[in-house]
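In order of appearance the chains are A, B, C and D, and numbering begins at 1 in each one.
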Amino acid sequence: MAGLRLRGVHKFYGKVHAVRGIDLEIPDQGFTVLVGPSGCGKSTLLRMIAGLEVVDEGTVEVDGAVVNDMRPKDRDVAMVFQNYALYPHMSVFENIAFGLRMRKVPNAETRERVHRAAEMLGIPELLERMPRQLSGGQRQHVAMGRALVRDAKMYLFDEPLSNLDAQLRDEMRTEIKRLHQELRTTMIYVTHDQVEAMTLADRIVLLRDGVIEQEGDPLELYERPTNRFVAGFLGSPAMNFVPARIEAENGGLGVRLPDQTVLALPEGRRSAYADQVGKTILIGMRPEHMHRDREGEQRDGFGRISVTVEIVEPMGANTLINFHLGETSILARLDAYAAEQPGQKLDLLVDMNRAVLIDPESQRVI
Amino acid sequence: MTMWKRLQTAVGAVALVGLMAGGSAAAFAESAADIAVREAKQYAGTTLTVIWEAGLQSLDPLNFSGPKWEELTGIKLKVVESQVNEMFPKMMQEHRAKTGAYDILNVVPAWMGDLVRAGALEPLDGYVDKYGYREELADIGDVYRENQMRIGDTIYGFPDDGDVLILYYRKDVFEEMGLSVPTTWDEFYDTSKAISDKHAPEMYGAGFMRVRGLLHYFYQERARVEGCKFFDAESMAATINGPGCVKALAGIVKDNTTMPPGVEAWGAIESLAAFNAGTIAMTQWWPPVGRWSAGYGTDTEALSWVPPSVVGGKVGYALPPGGHPQLAAGFSMSVSADSKNKEAAYLFIQWINSKEISLQRVQLPYALRDPFRKSHFESESYQSLWPDAKEYLATLQAGAVTGLLDLSVINTFAYEDALGRGLQAVMGGADPQESLDEVAADWDKVTEKVGIDKQRAAYKQWASKPNAYPN
Amino acid sequence: MSDAAIHRKPLFGRTRRRMTARFAVAVLILIIFLFPVYWLFITSLKSAAEIFARPPVWYPAEFNLRTFAVLFKDGDVWAIYNSLIIASVSTVVAMVLGTAAAYSLARFKTGGQNLAIWIISQRMIPPIVIVFPVFLMFVWFGWIDSYVGLILLYIAFNLPYVIWMMRGYIEDIPIEVEESALTDGCSRWQALRKIVFPMARTGIFATAVFTFIFAWNEFVFAMILTRTEVLTFPVLVTHYYGAQSTFWAKIAALSVLGTLPVFFAVATLQRFLVRGISMGAVKG
Amino acid sequence: MTATTMRVGQRANLFADRNFKWLVIAPSIIVLLVVGIYPLVYTGIVSFQQITMMEEDTSWAGFMNYAALFSDGRLWESFGHTFLILAIALPIELVLGLLMAQLFLEKLPGKQVFIALLIIPTVISPIVAGSTWRLMFDNQYGPVNQIIGWFAGEPTAILWITRPEWVYPAILICEVWQWTPFMFLILLAALSNVDRSLIEAAEIDGASFWKIFFRITLPVIRPVMVIAILIRALDLFRIFDIIWAMTKGGPGSITETISIYTYIRAFKEFETSYAGAIAFLVIILLSVIVIFALKRVEIAR
């Protein structure tokens, strides 16, 4: 079982080069999330895997065999669509059973499997209804059921949660994760929502403009993004980028911010930037990597900045603080226990071990 | 039934004669119908297609002549019915495509010239001689035979319908008011006015067809009676707007004032309905009115549409004022030049047109084929169909001597159409002189397009016929 | 048309008295629009005397069905049968071909915008300007006065309409539904048969009814391309206008017979037809 | 599945999938080409020849026939008649249809029955419609004059089909009678689809009924109206059957439309080449208009 492999896959829509040479191996039984902003080619890639789109160049291989021209029905994949794609003229039962009927599964077994899937999703009472009688969440369940009832080699999800409200989305996310843990089959999941990607994935493939920006397990991408795009895409609220310059300071290295504050680089990182003194860079700081400096303590690897609070957004567990560093508007996520006021002066500690330094020319993390 | 019996007897007699005399020696004893049947038998099993006007007209070939012909010869007759206005286009379009879809054509004499010049009609002289039909042709009413049979010197069709527009009048009303049948159009006006003045709105003096497509027949007749010529025979300039022409048209407008309101919109049906209902005292119509107003055949299903007559026995027949009735339309039987079975097609028209068979056909109660042979006019059986039938036939016969031909030149339709439009404008209130000036201008345009020399030749050919103009 | 979508303050008010007034106006409009139909109908039942009565008679003394009986006896109803065959077969074939083509246009944008416009513009040409060459062509193929000829012509005549309409209906079916069927194990054809066609049922109905009506009512082609064998009913109606006779009763009776089928089709399928009649402008 | 079997299947699918879209559209295109192309080519060729009823003269005539079009007053009059009918009938149908749609927009007892019955005129064959109105307008035996007589208090004998001043009203009444239900049906559906919240918002903003109607309702249903007008305009441009049944172009040539005139030249006079030139002119004119209009509609799709 070598799983799924894409080699040099291209897709053109007229003059638009939607997918530009994707090389990718999808691990067997894993949960892979294709994520990226809209138009990045992630859905196209998924549809090529399903056989719904012609592969213009390159190959899609399953278990070592090229399946470029194999019809969807022969690929043994199940798919959940963003708008659920329920068959409006069939009852819920028939919707779920459809894939089995097409595969000529005996009636008794079909019935049994449909009921099992319905139980699993908690919708046994909906089986006799028609799709138009269902709420959005129920439809989503049916769409899931339709995929789950199949004993497919691969399950494909095309933004299955994007049409749900926030609460349902959270529930379903957990549900899907649980299902994957139970079923242990290959799942490929497309989303533009980095939270879904982070929480669900064994492995994230981050795409932009038809190319893979970075792939790896979720925390790896979070902690060690290779470029500004990846750094900015994952994490919520998004990472702050501030123009700065690397400078030699007290024998060490530091980063000078627009307000002339210098943040010292921790010792472990200094050697990497020794030859870059004087270089203009972007420093990326995640909001959750800034903390209040309550006692004026000096902790190793943290740098202090003094800011004037502009907007305060209490979120319960955290409070978001908005302020400016030079021209740049910055967001910090602080613990919730103290209530700042707009206009208040505040000292923050920046975790310099987790800050990323980016070459503004190449946009790559240095 | 009686006809059928007579037919059987006739066939039996022919067979008997054939047996006794044997071979061609018997030919002199055979009628044209017999010859046609005898010769046609060799084509048994084939099918002939004929285009015929839809409706009543077609009942003849569908119910009578077609089945008889098949019984006698084994040749099937397929009737393609067509709305009368579509017949010419249909014949032409099939000719253009050389389909030979129709073997036998019903040709309105005015179309004949165009069809011949387009090469759509088969010359018939050879067949006439071959199958011994000359003698019986001579029996056809002079005016039809002399005028509607040939283009140039060649026979292209057998006149098959004596469609002469005679005058019908209410004898009882005339008697009551002491009126005599008008012989000039001035008298006609006075007579009509007198009756209207006395009886309107219950009864008007007269009601004529005035709609486009029909009015031009009445106009053509009356204009020529008033001395109008259609063209200058040398320059081919249209003279349809000459003094006689304008006088005739102005007379028509004047006569309308003595007729029921709205007469300008009357077609064939309106004047028929009004005459039968007794609300007009005079009308000029084709021969069927004489039969229908007398109630002949109107109890049959085919004639159930005819407005019921309350004037039976009160109808007198006369030639219209001026004494030159229009031979309006009517049909000739022709053979298509594209036919793939010309011999059989010819034999059918000889048979159907023959003395013997045509006499039966014109007496069919639902017939729209009107007497056209001398032998029809003199037929005793016909004369006894209703009390005044003899008088009726005598009038038709008189019309068959003095009648006037419809204009027929190259592209007749264009001239008729332009004239029809002009006349209709006058019925709508336009000035006769101005309208006829416009018609003349339109005619000149058509003539120019056709080619003046070509048209002059065609017109001369037509005008040289004895009944093109009254003498 | 759902009443829910109706806004609250229309021209004719909302009180009960106004409702009555609106109802009265509606009845009046209906009477005006149906009176000619009524007149046609009673003319078919009148005797000759009643047809030519002055003043006109508004209802016949007796409902005599003689004219209808004559139409049946003389075989004139054959024209209705011809119309039925020609309209039905051409509708079925046009629907099949047209739906397939529409699928291609809707799903693959085959040939781009220009092909779609070319197809629909084929429908706009007045029949009379092309009928003569069509006649010549059909002569070559031996299609004059044959079912094949008229059926083929009406297929061609109606195809643009079918394609245009069905393209709209298919575009309204989310492509994912079909893709879902494909991943569920359907071949493309199965997906069409089991998913697309059932989902487009309303559209197929509406389109088919109008295709049928167009073929049923068509006159110019039928007049010029037939002789006698496949005469359709509108052409036969004109045959009753003779040079020396006008069979008003037959004209009316055959018209009534020829209108009944379309009327029943339309009355039963009424709610599907709005979109059909508007060539897809209204997604009713 | 082994690699070899897959390759076999591969090729078949490759053909089917890559060409599927052309395969399914091909039959339709072929039918349209078979029936559509020859007439176009034929018409184009004969219009440069000199074929008349008398002579099938296929010699090259250049633009003679086209030049003759310009001096053919009757042709341009027929264009005028066509546009006259179009310009009068279409607005009347539109306004009447809109008023009726407003009337039926709200709840009404038996609404569906009303609609089903009102649609009858539209589905009747135009030949039958024309015949029906000939019966209705018959100056002696038709009910129209009778009814007018009742109102006028004296017998009326308007010559609807014969008088130039009455023939257009007659044709237009028939045309409007037949096609107003069509407009009505479309506009009723369009009005029913208007988003109620738009109207409510305008009401809250204090707009009067008529303001709402002209400022909100009409603009919202405009796309539908455009299509409906387009359909009817093209139908009216081709108008033949109704006039054929009622007047055949008379009185005079006063109701000759383009289609009627083309018929006369092509089938009554068999001016094949000249009629070909007329046909070509009509086809070109229509193509320009239709393609222009359709492009806009297509873009709006």
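Keep this in mind: a contact is a pair of C-beta atoms (placed from the backbone, for glycine too) under 8 Å apart; a residue touches a chain by one contact, two chains touch by 3 or more.
Please read all numbers here as calculations on a predicted model, not as lab measurements.
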Interface with more contacting C-beta pairs, comparing B-C to C-D: C-D
Longest centre-to-centre distance from chain B, chain (CA-based): A
Mean-CA-position distance for chain C and chain B (Å): 41
Chain centre separation (chain A, chain B; CA means) in Å: 94
Distance from chain D to chain C - Cα centre to Cα centre, in angstrom: 14
Chain A and chain C: spacing of chain centres that average the CA atoms, whole Å: 55
Touching two or more other chains - residues of chain C: 51-52, 132, 136, 188, 224, 238, 248
Contacts with two or more other chains, residues of chain B listed in rising order: 89, 93, 96, 273
Multi-chain contact residues (two or more partners), chain D: 140-141, 267, 272
Residues of chain C that touch chain A when the two form their complex: 174, 176-188, 190, 194-195, 198-199, 201
Partner chain C, residues of chain D touching it in the complex: 16, 20-22, 24-25, 27-29, 31-32, 34-36, 38-40, 42-43, 99-100, 102-109, 112, 114-128, 131-133, 135-136, 140-143, 146, 177, 180-182, 185-186, 188-196, 199-200, 203, 209, 212-213, 223-224, 226-228, 231, 234, 237-238, 240-241, 244-245, 258-259, 262-263, 266-267, 272, 275, 278-279, 282-283, 286-287, 290-291, 294-295, 298
Residues of chain A defined as touching chain C within the complex: 47, 50-52, 71-73, 75, 77-79, 81-89, 98-99, 102-103, 146, 150, 156, 158
Chain D-touching residues of chain B, taken from the complex the two chains share: 85, 88-89, 92-93, 96, 114, 117-118, 210-212, 261-262, 264-265, 270, 273, 410-411, 413-414, 417, 420-422, 424-425, 427-429, 450, 454
Sites on chain C touched by chain B in the complex: 47-49, 51-52, 66, 70, 132, 135-136, 139, 144-145, 223-224, 227-228, 238-250
